[in-house]
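The following block contains the structure, expressed as structure tokens.
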Amino acid sequence: MDLTYTEEEQEFRARLRAWLATTLPELPPRPSPDDWPGRRAHDLGWQRRLYEAGYAGLHWPLDAGGRGATPTQHLIFLEETERAGAPYVGANFVGLLHAGPTIAAEGTAGQRARWLPPVLRGEEVWCQGFSEPDAGSDLASLRTRAERDGDAYVVTGSKIWTSHAEVADWCELLVRTDARAPKHRGISWLAMPMDAPGVTVRPLRTLAGSTEFAQMFLDEVRVPVSHRVGAENDGWRVTMVTLSFERGTAFVGEVVACRRTLGELARAARANGRWDDPVLRRRLGRLWGEFGALWRLTQWNVSESQRSGGIPGTGGSVFKLAYSHARQELYDTAAEVLGARSLGLDEEWTLDRLSSLSYTIAAGTSQIQRNIVAERILGLPKGR
Amino acid sequence: MRAVDFQPTEDQRALRAGVRDLLEGRYGREVLRADLDGGAGIDRAVWRELGRAGFFALRLAEAGGGVGLGLPEAALVFEEAGRVLLPGPLVATHLAAGTVPGAAEGEAVVTALDLGDGLVTHLDDADAVLGLPGTPPRGEPVRSADPMTPLHRVAGCGPDLSAYRETGALLTAALQTGSALRTVELAVRYAGEREQFGQPVGAFQAVKHLCAGMLVRAEVARTAVYAAAVTADGAEIAAAKLLADGAAVGNARDCLQVHGGMGFTWESDVHLHLKRAWLRAEQWRTAAEAEELLAADLMGSAR
Amino acid sequence: MDLTYTEEEQEFRARLRAWLATTLPELPPRPSPDDWPGRRAHDLGWQRRLYEAGYAGLHWPLDAGGRGATPTQHLIFLEETERAGAPYVGANFVGLLHAGPTIAAEGTAGQRARWLPPVLRGEEVWCQGFSEPDAGSDLASLRTRAERDGDAYVVTGSKIWTSHAEVADWCELLVRTDARAPKHRGISWLAMPMDAPGVTVRPLRTLAGSTEFAQMFLDEVRVPVSHRVGAENDGWRVTMVTLSFERGTAFVGEVVACRRTLGELARAARANGRWDDPVLRRRLGRLWGEFGALWRLTQWNVSESQRSGGIPGTGGSVFKLAYSHARQELYDTAAEVLGARSLGLDEEWTLDRLSSLSYTIAAGTSQIQRNIVAERILGLPKGR
Amino acid sequence: MRAVDFQPTEDQRALRAGVRDLLEGRYGREVLRADLDGGAGIDRAVWRELGRAGFFALRLAEAGGGVGLGLPEAALVFEEAGRVLLPGPLVATHLAAGTVPGAAEGEAVVTALDLGDGLVTHLDDADAVLGLPGTPPRGEPVRSADPMTPLHRVAGCGPDLSAYRETGALLTAALQTGSALRTVELAVRYAGEREQFGQPVGAFQAVKHLCAGMLVRAEVARTAVYAAAVTADGAEIAAAKLLADGAAVGNARDCLQVHGGMGFTWESDVHLHLKRAWLRAEQWRTAAEAEELLAADLMGSAR
């Protein structure tokens, strides 16, 4: 039981820190949130710099072009980049964390060669076409269908909650290839080119007023059969590999950011006098303790997956449950610090408060997570 | 490749397994219930056996007859004691090892004025009080809500315990974590066995989600305790105590709810976990103190 | 929408208050909690005084020997007796609030004449034999069986959570008379004499250390068929009448008592200095607001049942959910006021804190209550 | 036999039904969404119609051209306005009736400095500010989290509103209650329609129990509001505001959770309830103020 980094890890951190210190000031200014082409260019540019410096695909296996770093090194990377205020993974998210690892694990040599290098080098953007309007928590009930026509699938349906759809080159798409099979058994995983005829993207406005997500309408889109990763109708298993990657370290940067936010809240409360209110002060103190523990839980989960050879453990659901509720509590507390000012949309934490509302819903609602914890970890029986 | 590893080492796992075996053998459920029915005295034989196993001398240097281990090992061991509801001033005696003669070996029972309002546990059994020279002071007996932890009230102000407070809080948090993990197990077992409306109650989402919430509380607290044991940082210890108190009390409450009427009976062990958790929450560091300490640490970090 | 009592109601309150002022000082001292015969005598004595003064069976219909008072008058009665510190209904509880109303509603003329007057006059004590070790939330799954043998049922099984079993004359008993019928359809309601051969009572110790409840073992107990109230196998419906009575005003006295407790907590906090802690003070303020609202909710439910001619509404589950959680929060706050002193069993609120733990479990767990609210009030579908 | 009757009278029920009809006709969902897309100005035609219906003059004496009703009727009517998310400074204009010319008739829009930090709603549309003589002061626009409630910040300290504060808090609590009751309906409807895993999500206990908790919050708050409207007692009003704020915010949150991803979209009405509830929670009486007021009342009653 140790929290002292090895010399090697300390060196890794020092090198990374030095590189960030020289590199970040050279970056162009961030584009506005509505400037999708600008955001794509910015995020890809950052990825190219990472690639050149040897940090691209840190956690990917060596034979997929990655660096084969330990989970701890990946954790250090995520911690340091967030601390230094480096760009978020942004448009590279799906490529680096979903589609890429899936292709690395399940793709053919040709598929790996075609799709992985452009992701690492910051040349291509991926988006995700999993959820559908009628298949949210029950993802496996998806209805977008793909019918075989010669050497292509003809895909028709609609997808929702797709980030970066407007600027993506590829979409990792789940489609139903066998309507008569049990729902988990008739799904396939396809790489769909976003410029294929029949793909329509419509921005989806969230309650925060932003258009971070889109809806995708697919009307007889032809996707070559060679773009299928994994066997036909084996897409559910293929996808679960991807999703468990997401659970592992997806929130590391955010926990670091939440801890920084708490410091800012303390300063703001001192400045406006509300720090003198013990109710608020103790609430901030409690959150400081909770987010400290969440940081340690991240380290715990990482060291566990390190032992098991990189396979993410079941700790992800436990972490997500604790974290998503703590994050909502954090931004409710931010509103307490601000008082009536929290009603202003341009106040520092208001948009974050709005977006925090999705944390108990997205990527598996808290209700679904509790089912997972109860059934898969605790072994409680499924209901009738 | 070598890497930082927060997980327990092989040695630590072996230590934990050994203590678990010892406690299950010497302090299984029958002993617990017999203790409960027979009055709340400390079994000196068990105490000595704990001493022989190094429970109290764990962190003393080997040169001084101790085991030479550290806080992380102590946290693991105390977690096991918390699981089985082992009674007695375990933390105080552990803290007294090396200072009070016989404490390290389990020959002496040492209590501490670690509660507010002049309350002290197990005074009748105590050979010494931490930080007080000589024999223990007299106290007025107070009927205790925890039937296995007798209480007395002593007059006057106690000794300065600041040198012991953080370690005391941490080891108490470890006891709480053990209790919190145990009540998850009790709830899950009962939910899997008890049938209502034609299925195990654990198949109902409401019960399932109570259990899931319990595990989340316990796992977060456990991680906080282990981290605080490794770093020995004051704020991390405060967080560990705060979260472990919440996990032990909250889990005992939810465990009782899962047990329904059966949990409300004296025969169930659930109430023993709850009452002990309430007691420990008042020891060494209360929630209000921990929150204020964490707030001060936050402000310090925000400068 | 009015909260002003009518002249008649004010007079009723004034008369009652005057009577309590003269009567309560004349009462003998309360027996100790472990002195069951003493408690029986005390509670029956109080009931006799109520009877003589014309307050017995206030809410019972006139033709059952009651006073036919309005629900509001009953509310005033419960409020004033609690305020004045009158004895709790105690050993008369089941007779007055469960078994009596059931017999009044469903019994024959002969049954009413036999059993109701002794309840009102404070001569006989009833207890309740509904729950079983394996039939808690799922009460209708009860297994105590009654087999017809001539003019008697032969009853074998066990019951749990029976208060006053040690000193009761009668037990309202639910038994299974048809093992092959659907579970709700094979139950009958019997009045069992507690001195019948085969009845064994064993005290049941609760986590509070007390023996308020008992377990009952029934070994071939003969109960005359004439002691059955309602038709054979119709006992579930008969019982539901009783249970809905319980929901109506069962907690009135307790809400009054909780409001008094809050005042005592405020005084205690002022005395020990903890009132200066805003966290505790605001928590007490919030509870004061909540219990005020719960008192109003009681009045709301009573005025609703008054309009509907005395039929208890569905508000009972809503009230019980809010109240049981508020009561637990109240006693947790009491522990905050006391600090470490809360660990002493003789401190004023410690035993109440322990007994408050049963509030989210007894008479329908909070989980069951939420099902009732969701399905019966909100109309949400039953799960598969 | 005549008896005290907390339930609404026939006249009160008729009033409520009439206002509900009016609002459903004039401010149905299509109007709401058109308002939302078209900017957050106040529709003067709707405002005048509210005036004609007696919404603002409700509590003015009939002799003075008012309706001659009381706070209970006002609470019922404001609850209806809260249900449909009717925008505008309804409470301030109602409070100004009889004082500010045109307010009673719905000819004038009157806002109030009822928020902290110099923030004020609907300043651009306002003909007057409660308690301030003359035309409204200029303010600096503040982008509002509630898209239907524009905000400005004005300099200096506002007028003394203490004469209005309790009624303002009570009527705001009535608006919150209406929203809380409405989000229960929205959640229940969605849970009954949306299917996942082969059944309506409302058949899952987790969703069912969220909805049940929402109803409990809303019913307790509603009763507190009605009681405070009848007694006009300061502490009861504080309790009503505290509980109604909690019910409106808590129910909107749970309603969003029941709606899942759909609740996170702009197209859903859920976020409008949440944002308005957040706003109203800051108006007239915050939770912290209400709790302190109730604590003082408790101590007063405990003397």
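First chain written, first letter: the chains are A, B, C and D, and each begins at residue 1.
Basically, a residue touches a chain if its C-beta (ideal position, glycine included) is under 8 Å from a C-beta of that chain, and two chains touch if they have at least 3 such contacts.
Given the structure is predicted, the values throughout are model-derived calculations rather than measurements.
When the interfaces A-D and C-D are ranked by how many C-beta pairs touch across them, C-D comes first.
Among the other chains, A has the CA centre that is most remote from the centre of chain C. One simple way to say how far apart two chains are is to compare their mean CA positions; for chain C and chain D this gives 38 Å. Centres computed as Cα averages put chain B at a distance of 49 Å from chain D.
With each centre defined as the average position of its C-alpha atoms, the distance from chain A to chain C rounds to 54 Å. Shared interface positions of chain A, defined as residues touching 2 or more other chains, are 277-279, 282, 367, 370, 383-384. Chain contacts: chain B has residues 204-207, 209, 288 touching two or more partner chains. Chain contact topology: the protein chains form a complete graph, every chain touching every other one. Chain D makes touch with chain B in their complex at residues 204-206, 209.
Taken together, the chain C residues at the contact with chain D in this complex read 1-6, 8-9, 70-73, 262-264, 266-267, 270, 275, 278, 281-286, 288-290, 292-294, 296-297, 299-300, 302-304, 306-307, 315, 318, 321-322, 367, 369-371, 373-375, 377-384.
Contacts from chain D toward chain C in the complex involve residues 1-9, 12, 72, 184, 188, 191-192, 198-200, 202-205, 207-209, 211-213, 215-216, 219-221, 223-224, 226-227, 229-231, 235-236, 238-240, 242-243, 288, 290-299, 301-302. Against chain B, the residues of chain C that register as touching in their complex are 131, 134, 136-138, 141, 160-161, 204-207, 209, 277, 279, 335, 339-346, 350, 354, 357-358, 360-362, 365-367, 370. For chain B in complex with chain C, the residues that touch the partner chain are 115-117, 119, 142-147, 151, 195-197, 201, 204, 206-207, 253, 256-257, 260-268, 270-271, 274, 278-279, 282, 286, 288.
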